[in-house]
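In what comes next, subunit A is part of two complexes: it sits with subunit B in the first one and with subunit C in the second one.
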Partner chain A sequence: MLRRLLPAPRIALLLAIGLTACGDDPAKKPPADAEDSGEPSARPPVPEVAPGAPALRRLTRTQYENALEDTFLVDLYVPTAFEPDNEVEGLLSVGASTTSVSAYGVELYEQSAQTVADQVLADLTARTSFLSCTPSGASDAACAGEALGLAARKLWRRPVTEDEQARLGALAAAVGAESGDFDEGLRTGLVAILQSPHFLYRIENGAGEGGLRPLSPYELASRLSFLLWNSIPDEALLAKAADGSLAEDEVLEAEARRMLDDARARRGLRNLFDEVFHLYTLPTLSKDPLAFANASPELGPSAREETLLGIERLVLDEDGDFKDLFTTQRAFVDRRLAALYNVAAATPDGFGEVILPEAGGRRGLFGQASFLMLQAHANSTSATRRGKFVRTTVLCQEIPAPPANVDTSIPEADAESPTLRERLETHLSDPYCASCHRLTDPIGLGFENFDGIGKWRPTENDAVIDPSGDLDGTSFTNAWDLAQVISDNPNIEPCFARHVYRYGTGRLNVDGEDELLAWLADGFTRSGHSFRELLVDTVLSPGFRNVGEMQ
Partner chain B sequence: MGRPGRLLAPLALGLGCAQEQNSVKQAEDSGEALEVCAAGGPTTTYVIQQLRFARNEGGVSWGSDLDGEVTPTGSTGGCGKPDLTDPEGRPGIDNAFAGLLPAIEQTEGAAISALLQDSIRAGELLLTFELLGLDDLENDACIDVQFGNASGSPLLGTDGELLAGQSYLRDPSVAPSRAEAVVVEGGRLIFRADFGIKLQILTAELDLLVTQGEARLDLAPDGSGATGHITGAVHIQTMLDEIDKHGIDQGLKDLIHTVLPAIADLKGPEGTCDHFSLAFEFDAVPAFYYLDDGLDAPTAD
Partner chain C sequence: MSTDDRWKQRLSWLFPQTPAPAARRVVRSPALGPCAPAPLQASRRGVLRGMLAGTAVTVSLPWLELFAGRTARAESTYPLRFGTWMWGNGVRPEQWRPVGEGSGAAWSLSEELAPLAAVKAKLAVISGMAVKVPNYIPHWSGAGGLLTGLDAVGDDEDWTVAAPTIDQVVAAEIGGSTIFRSIEAGIDSNEIFSFTGPNARNPGETDPFTLYERIFGATFREPGAGGLVDPRLGFRRSALDFVMDDVRALQTQLGPTDRQRLEAHLEGVRTLEQRLARLQEDPPDLESCERPDEPAVEYPDVEGRLQITERAEAMHDVLAMALACDQTRVFAFQLSRPVANLMFPGAEDGHHNLTHDEPTPQPGVHNITVQIMRELAYFLEKLDSIPEGEGTLLDHCAILAASEHGEARTHAITDMPVVIAGGANGRLATDLHYRSYTEENVGKAVLSLLRATGVLATSWGDGDTYTADGLAALEV
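Here is the complex of A and B:
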């Protein structure tokens, strides 16, 4: 039984919040031409948009590493633990515009810069990626400036001014002269570049006046490359920024499509879904080994890889219907996941494609260990977490957090309440709890045939599990059915359009972007749920290419 | 002197090269009738997760009646060795090796059961039953059963046992045996064949041939596993020859040469009492073979 610790007014407020939990329901903002006339209507023009204010985003840890790799062409070891990336509404990319750096954080960046610079100068490939001149001596400012200018252009994602290049060269020359070692000067210059806010922050100020101010070509190039590659622009993209052509629709679209065909798009897509589905937490997820015989330190990383491989294949290799993600019987499993799923592995090494049998009751994202492990407790399932994930992450509905002083524990299993369904009755029958739990638990109970790490179980405490339920009036009999019910939910399209938009712009959407988001969702539907097209559409949208008024 | 377990495990398991006269029934030998049984249904595979010697508990032991004779104490039939009764009351159970187990455990081979289990966990004793064409875990009038050896380093669960549902590689060095069977009595399956078992204990790699064999599996109706036993005959001289090859301590070798012929309870093809019977109990869990391991899976074709 839950303890009631809330004073009456707070309870009333909670109830009110719960009853309006779907107030931000993206499906309630359909495109203007959503009425079904039998024939597909022409796509409406792009609506006007009043985008949010520009944000200053700090590079995430992953972006920092990717930028180094793409600049110096080798995989560099970054040993320093930076101050943690921040998550806002589930996205690190949005949180990146709300983080600050403490004095200690600055020290961490300095340590990292020094370690990276040492590695760069010690590696021939890395060294020659930016150093093409032969220094005339330890204090050759021209050669050092040229090399450091080239590195800075890549890392800062914009041209380096003559003054900046001269200052970098002078810095290196001074240190070189003092130490008698050209490399020591170069190293100091690299450390300076890597500690510069021009590297560590993504500056997207825009230009002009008013509420719709275009990003500069280099700002746009950077925003584009971080969306699609989660890294810095390449030379081709910088060239389009340099000649100003990137602002043209055709050029921008061509660049986006080129980049989606590039191998780096896999990295970008992975990061996007790493954030949206919180997969990046899987490698450190801990499960009770006494509760789950299949638990192992390798299971979390395997589960993450399975989900990302499936998305990669669906989106980049096949450009398929994104909704298949929720209902596909195809899975990419290694032998550990295959054992968890009780299917034959395709290969002893690595991951291989298998078809999940219908008799196994498992399909799609919601049958994957990534979802089933993450949205569970360390030693048990959690219908509430699983249901909340569906509501908030997949359907973009809002579920209020439980008040801080409410006991959220559920009763122990006993003869009267052997399965979670009976034990959660408290949540669903108590009005203090039901306002939120009625939104989450009936969905989560649909996945109860999967234990806390995703292994199939027909019973719990020797009682047969009843996975039936309904989602907003649509009934389902089990997880297999539920996957289809979720996939058919009209919130899917606007929800993922919103995820991409927020991820790409690095901020939460504002009211002035509602129509644009609905337009993007409509385009997503019209494209047959092509996620590639959603990305291209987002890139071409005025909300992506502009920023609002500076605040 | 070698380690006791290392010496007695080969002894107990009846080391030996395959005898030509009792060669393992090859899968390819399966006839037309087998193809009919295997066709049309899915394949369900189990791997033995726990294997132990069946014990003689006051004249009661799991096992099978291999020679079709019930030999009471004092009888001269059945090579003069009395048969046992199984826990379900069936007489005529052949398991002469069970009589030797206490002596082994009290002398040199107390760790023999642990060694068997270690071998399983290390992937050196992976025995599988593939039930081909199995439509119903509780009642199927015609299936094919293939007994085989798997290889590779298995995944272990947090309980230290083979993880259920995992995939294995086929071991091409040991021929599988295959025969027709039925599932009756709500999940009981009897399978008669010779069993080739590849066993690696510590550094010794051994090929054990259990002839005239019979395996019984009791399938859990929910597909979660099977329990059962394997009973068969081991040719004594073949095993003694194998033991001699392994450079065993002479004292123990002498002991083995003395006791093994003394437990001979089964006749070979030439009618002489030159085999002894032994029985294993096992617990098995669901398993698979990799979809693509470069080897042909058993099919009805």
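Here is the complex of A and C:
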């Protein structure tokens, strides 16, 4: 039961045992590492794993765009209307393995394919990226097949069979003959490639029998490149798949490290945290300008950039201790955020590095506008949402949703209850509400000095805000302090190991992966919280390179 | 082939033949409280368990029973149109409920329904009925129970429906002969509550101009204009044939779950292929059809707020003409999604927040409900302004306007607000307020509605939601 509040349980399990989880006190959980002799022990061998079943993974919108860019080497316009991505337990990458495509989605894919094909044929760089032969006439099936085969190889992330190339050539030649235009045939072929399930879905079938079946080299190459680049493999990686060497530990590790040093890793890392922290919702987040003077449509995008830039620096440029994310005084701000944070901007344009003063009370991820804005209401803060984010996203603990048929209204501010702390009193005094809210609200109240868009405020309704509290037995006096308490929580390592694992494998972890996840978390700790090493470790682990039995 | 068989074939991809080895059992606690023990659910009817797109679901067969040996029904000269018009976060039931009961002068509109005065004679308002699901997932249980007849499956953050939504059930029956089988559209979110099956949502169009372009763009032909002559239509169909071959070949390499997911994809490709073929034929010939005015290209937010009315009216203009031109006969429109936190004009907070945070009697929530009814009134009046024969387009519609909750403050799924607009070619009673004092199953009204559209259903729902009886007051 107690273990269920530690990382990894799925909410269905929690519910299956009757939702009494809220009655448990996470403070009583056993320490993550019971025996602590001081001396670092040797790393245990990688445990056995029984990974989950393979599933088709639909390309997310960003993967679709990145794949086109990396294939045709130019920026292409992709229509904005698109089959929406679906989120499962907070991750679009996991949702991509469960959804199907609607009839409207098919229609949108077709429109997009046509728009893209037109642009590709009209752009010399894009055109020559796959077309090198000179057609002998409008219906030259061999030349069309060769060109389309090359494009399909990149977009489908695997060699194209002779039969496939012949079919593509025949399709193009038939249209070329009817229209008298070679390009029209080529265009039709591209449109077909871009709508093919081989492009739109990532196929990770694995091979062989049993519960631990290796991915094919091309499947593994794709899994690797989408994890690290959020896009298709490059030629170098495909070559390692072609000669089969990617299955070797050294080669796989070298490829992973090479890819992390590539500029495309920035795109990949950004996407990972966009998903984990839900930053992609910031550009469309609406805030009431009457409640917040600093609110503007540009604030959300700025806040997203601040968080992503900071993570990029920490992980890719410096390979620093990932836990610094929560406590660092360094911030990357533009003028808009500098004004919000009441610091001097480092540069008149774009983002520059500033050091946040201790007197400002703001530091780390939980002092960033992205977190403070997203986990709040349109015109007020939300201690519950902020606390829930810490519990579920940063510590991977489950908080059941509020039950139906309860009165959830919060009293209005008055002289008796000027600050949110008093107004949330019922959440914590009614034992029925308190069972869950005492897990969230005390943490969230620690951030009450920041309003619903992240501006510092010492008071609410003229009453001084009390930001003190306690997280599972460790007390804190304010948000500055709380950042350290969260950062010291032993659930951080397993939680981020789980995020990476789920993101990389595109599914929720299963029981047979518990030991591996614990091993990865331990490795993360041993590396001094190097997120780079966590990525490499995950890639090399058998859970990433294999799939379970097909279902 | 019997109707039952046709149905099973049509929806076959919903019902995998292979039972899942490790179906995830979803057990929920009742609405008593978060710490109460959870009872196991048992259905009194036969069930089929399976893995659908990664989520174990229990689909009751039949959740929808149909008459066998269906024969064609005499149609009015005008096709019947069906749609759902949904808004999020319920109403203030005391202020929404009409005054008096019965027909004509016996009832009058309430404060919240007042905007519908001009079309009162063409409405049936139903109050007091309940969605008979356990209400485990706030908002989604209500929406799922109402629109699919079965509870939603999963939990707050990871749920799906257990069966197709009513718009798709009807579209499978009457949507086959138009350019668009159905149209899904909304204002605030493309997450329309329209599903062809579990994990198979139909995303909606949220931009009025894009919706206009889609229906009335280059491929639209006015009555009498003849088929579209464009060689590319043929080329596009050739590409789709290539894609269908790829999908079928790939399906053979996959497990049953993924095969089903690809089957849904394949169905979409087939639908598109048929549409392209249909564009080459003569367009429908309806007297009131004309290309509507182009909506604005953009509706930028004003002071951080969506231009709800402007967007809704533009959408409704396009949608009304899409029906008048017989481009589609089925739609799912969503003014706001369940849990929508839209900032309405004049509101001090987002809609969803207000339903929970505003002290009763919640004047802010009340004002929002009135605004929502105003948007509904605009649409219905628009439909009523389009002549068709002796009557209007609205007379040939059956529109279910509803929300996922009665009172959203408590996540109630009793006292559900239901408006049925249009007489369905004379098959539904109008100018009526039916009030239930016994929390009757709202599925009865849904079943009547289904029957009015020509879907020969003998029952709807399963377990507590099951009904073989329609709502007599509604049926003519």
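Here, the second predicted complex is superposed on the first by the 516 of 551 C-alpha atoms of A that agree within 3 Å, B and C clash if a C-alpha of one lies under 4 Å from a C-alpha of the other, contacts with A are read in each partner's own complex, and residues count from 1 in each chain.
Please note the rule applied: a contact is a pair of C-beta atoms (placed from the backbone, for glycine too) under 8 Å apart; a residue touches a chain by one contact, two chains touch by 3 or more.
Computed from a predicted structure; not experimentally measured.
Participant: After lining up the shared chain so the two structures overlap, which partner does A:Ile203 touch, if you call subunit B first and subunit C second: first, second, both or neither?
Facilitator: The answer is second: A:Ile203 touches subunit C but not subunit B.
Participant: So, A:Asn379: does it touch subunit B (first), subunit C (second), both, or neither?
Facilitator: Touch partner of A:Asn379: subunit C, not subunit B.
Participant: After superposition on the shared chain, which partner residues are touched by A:Ala295: those of subunit B (first), subunit C (second), both, or neither?
Facilitator: In the superposition, A:Ala295 contacts both subunit B and subunit C.
Participant: Check whether subunit B or subunit C contacts more residues of subunit A in the superposed model.
Facilitator: C
Participant: Pick one for A:Ser286: touches subunit B only (first), subunit C only (second), both, or neither.
Facilitator: Touch status of A:Ser286: second partner only.
Participant: Tell me the contact category for A:Ala338 with respect to subunit B and subunit C: first, second, both or neither.
Facilitator: Once the two structures are laid over each other on A, A:Ala338 reaches subunit B alone.
Participant: After the superposition on A, what does A:Val354 contact: first (subunit B), second (subunit C), both or neither?
Facilitator: The first partner, subunit B, only.
Participant: Where does A:Leu424 make contact in the superposed view: on subunit B (first), on subunit C (second), on both, or on neither?
Facilitator: After superposing on A, A:Leu424 lies clear of both subunit B and subunit C.
Participant: Under the contact rule defined above, give the subunit A residues that sit at the interface with subunit B and also at the interface with subunit C.
Facilitator: Subunit A residues touching both partners: 289, 295.
Participant: What residues on subunit A touch subunit C, complex-wise?
Facilitator: 11-12, 15-16, 18-20, 22-23, 53-56, 81, 83-84, 86-90, 97-107, 110, 113-114, 167-168, 171, 174-175, 178-179, 184, 187-189, 191-192, 195-198, 203, 205, 286-289, 295, 297, 377-380, 400-412, 432, 435-436, 507, 550-551
Participant: Show me the residue ranges of subunit C that touch subunit A in the complex, using the header's touch definition.
Facilitator: Residues 20-22, 24-29, 31-38, 51, 53-55, 135-138, 141, 155-158, 181, 184, 190-191, 196, 199-205, 207, 210, 231, 234-236, 238-240, 242-243, 245-247, 250, 253-258, 260-262, 264-265, 267-269, 271-272, 301, 303-306, 341, 343, 348-350, 353, 356-360, 409-413 of subunit C touch subunit A in their complex.
Participant: Under the stated contact criterion, what part of subunit A meets subunit B in this complex?
Facilitator: The contact residues of subunit A facing subunit B are 289-290, 292-296, 335-336, 338-348, 352, 354, 458.
Participant: Per the contact definition, I'd like the list of subunit B residues that touch subunit A in the complex.
Facilitator: Residues 152, 155, 157-159, 161, 163-167, 169, 222, 286, 288-293.
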